[in-house]
Amino acid sequence: MIPGVDGFIYPNEVELQWGLLVVLYPYITGLVAGAFILASLERVFKVEAVRPTYRLALLTALAFLLVAPLPLQLHLGHPERSLEMYLTPHRSSAMAMFGFVYLWYLMVVLLLEIWLEYRADIVRLAQTTTGWQRLVYKLLTLGSENVSPEARRIDDKVSYVVTVIGIPSAFLLHGYVGFIFGSIKANPWWSSPLMPIVFLFSAMVSGIAAVLALYMAFMKVKKMPLDMGCLDTIAKYLFYTFVIDFSLELLDLVQRTYEADESFRTLDFMVHTRLWGSQVILQICVGTLLPLALLAANQLWKFSELRRKAMYLTASLLTMMGIFAMRWNVVIGGQLFSKSFLGYTTYKVGFAAREGLLSAIGLMALPFIIVVVLVKLLPPWAEGKPSENVVG
Amino acid sequence: MVLLGGVVVFLAIRAVVVPKDFGKFGHYRPGALETISARSIAYAGHEQCLQCHDQEAKLHGGGMHAKVSCETCHGPLAKHTDDPTANVPRLPDVANLCRRCHEKDAAKPMGFHQVDTLAHSQGTLCNRCHQPHNPQL
Amino acid sequence: MDLSRRDIFKIGGKLLLLASAGATFDEILGAAPPPEAYRMADHWWGMIIDIDKCIGCGSCVRACAQENQVPAGFFRTWVERYQVEEGKQPLVDSPNGAMDGFPPSKRTDLKSFFVPKLCNQCASSPCVQVCPVGATFVSPDGVVLVDETYCLGCRYCVQACPYGCRYLHPQKRTVDKCTLCYHRITKGLTTACCENCPTGARQLVDFKNPKDAVHEFLRNNKVEVLKPYMATGAKVYYKDLDGAVR
């Protein structure tokens, strides 16, 4: 009798291969895609109300994108060989092709867009600061110091194009992660054409929620007034996106239950036992239904500013936790049941191990630290004028 | 300009680091085939045993165990065939060896010789009565 | 010294005579012809397994572990025991992969049998398809192998294998699996598991060899591969495989 194993599993299935860090990875890239979509709402879809969070959303996306490869590096058996994915990518492998999608998104979309948006400020800061800060800003100008209105118009045009390209790129970034799971015919919990879409929408939900929470946090810390119009609009978009996301997941559930194929019995049992806490309680009830109720209430009735702030903050934090639970349920859930459909194993998270809890907490904290640094380096708001972006 | 520079550097690294002949037979390093083929062998194969042990071979070849390879009971013996005097194999652990095949079990095929060993011999070792190379009494 | 044409002919003729005499001696004395080099293009490997012959002794599991230094707790091959009761899910067990055989079946009234399992050496292998770098591949002679100097240890292939035959080697931290004893079959030997199977339940086969037993086996018996609906192109064929087998 192997501890943690119930029923019959193939002998090599006892240990889970993809653990907590592989749960973290789609969560982080999801936040990137979501934050970027929020930013593009303003730039491409001309939703002026969310302008105050435009720059913050970009910086958030960058902070998370920089951290995204780290959980993977810790997870690999030989991280020193990871360059092989770029040197000899296997074109039939979704994982290999994703490496290029990531690189494309980082270099061409995100960095370029941030640079274009901040260019005027960088030039101004290069002229007004001293010491090592001056050096940093000078480097960031990349040699281009022309900030005439004509140049700024060009910046805007190019930035628009980059964002337009960026939206499908963001879709590709996280849709691909969904495809990495969804294309595995050996695993019925993962194998589904819906997987990329479900991943994408849940990414958008988590990203928008993250920017909402960060905006509120920064305004509190900097003692600047919150733009309630902006907050209400973000919450509205969060609500719409969440409704779509929830509908998709519900569709998946209903279809599976109705078709009741070979795998249904074992998966159903797994959800009712091993995944009960993380899926039904955390993901569905506390992480989806509750925030949806809080957000829906605000669409139906008008609450006071204080009440709204509390509801939005609660909703976004619960959402972020709920989407993390969703990633957990997909990745871990997919490995808890045996491919023989006759048994289950257990996942034990290590604490101080390489892929343990401590590493996960550190990796989740890191992007927030980076975003604080980025906000200091490239201020999203002029002091005292939070609704306007800094003008050169 | 930066992008172009990056591409050039990437291609340069690639030319140096990627193993040569990669992709010759398929998307892999062909040297792997040689490395894997060159691994050392642990089981010599029963034909090797017959070359020296012809007495046992004669006994074995005429009995019920004729199709059973020598190393199935005697363990991996490639080291022994390489240097017979230096690597003398140990005799098998009879108590566990015979029962693994011959302990009566519902899942075993009907025509296969199997007994409830406790009832059959009350703990006496199998080779007290059965000659392992030709076990028929 | 001045060599005249006549001298050249004389010396040349003597040399020629000596050479041919030497060659003839060589043949008479029986110098061995050079060994036939293994040609990958001449082979397409697989395996046939006869369920009714398997006695669940675990000799194959032990032999494989010894031949390939398989780490404890992981299996390149294993044997499963099925006890099938009418109208119920089968009772399946594989104690330590059947490394030490099986304890006696508690139920004697059920249909029960053993099923040896290993890497199915799929021709359209899903594990090869998902490898991001080309560390696992199908060799030209049909064996799915892992290049342990190239593998990243991402374990995508472990997730993609429908049969559960891959694992992460705990010390090497690369993926490991049955190699069909490639180091043996390329030297004319059979695999360690087939060599040590006492009943001949497992047999290595070469589909490209017209004289191989596999052709008659496939034509005369009811055969199946595991999980045929996965369309993996599995090359391990089971004779008399029961529908209860997962």
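Labels A, B and C are assigned to the chains in the order they are written; within every chain, residues are numbered from 1.
One rule holds in what follows: contacts are C-beta pairs under 8 Å (C-beta built on N, C-alpha and C of every residue); 3 or more make two chains touch, one makes a residue touch a chain.
Computed from a predicted structure; not experimentally measured.
When you average the Cα atoms of each chain and compare centres, the chain farthest from chain C turns out to be A. The chain pair with the larger count of C-beta pairs in contact, out of A-B and A-C, is A-C.
Separation between the centroids of chain B and chain C, computed from CA atoms only, is 12 Å.
Separating the centre of chain A from that of chain B, both taken as means of CA atoms, is a distance of 50 Å. Note on chain placement: the centre of chain A and the centre of chain C lie 45 Å apart, centres being C-alpha means.
Shared contact sites, meaning residues of chain C that touch two or more other chains, fall at 134-135, 150.
Within chain B, contacts with two or more other chains are made by residues 22, 27. Along chain A, residues 88, 90 each make contact with two or more other chains. Here chain B touches chain C in the complex through residues 19, 22, 25-29, 32-33, 35-43, 45-46, 65, 67-69, 71-72, 75-76, 96, 99-101, 103-109, 112, 114, going by the rule given at the top.
Within the complex formed with chain B, the residues of chain A that make contact are 83, 86-88, 90-91, 107, 142. Contacts from chain C toward chain A in the complex involve residues 73-75, 78, 80, 89-94, 96-97, 117, 126, 129-135, 150-156, 158-168, 172-175, 230, 246.
Residues of chain C that touch chain B in their complex: 38, 40, 52-59, 63, 66-68, 81-83, 100-102, 104-105, 107-110, 112-114, 134-140, 145, 147, 149-150, 179, 182-184, 186-187, 189-190, 192, 195-200. Those residues of chain B that touch chain A in the shared complex are 2-3, 10, 13-14, 17-18, 22-23, 27.
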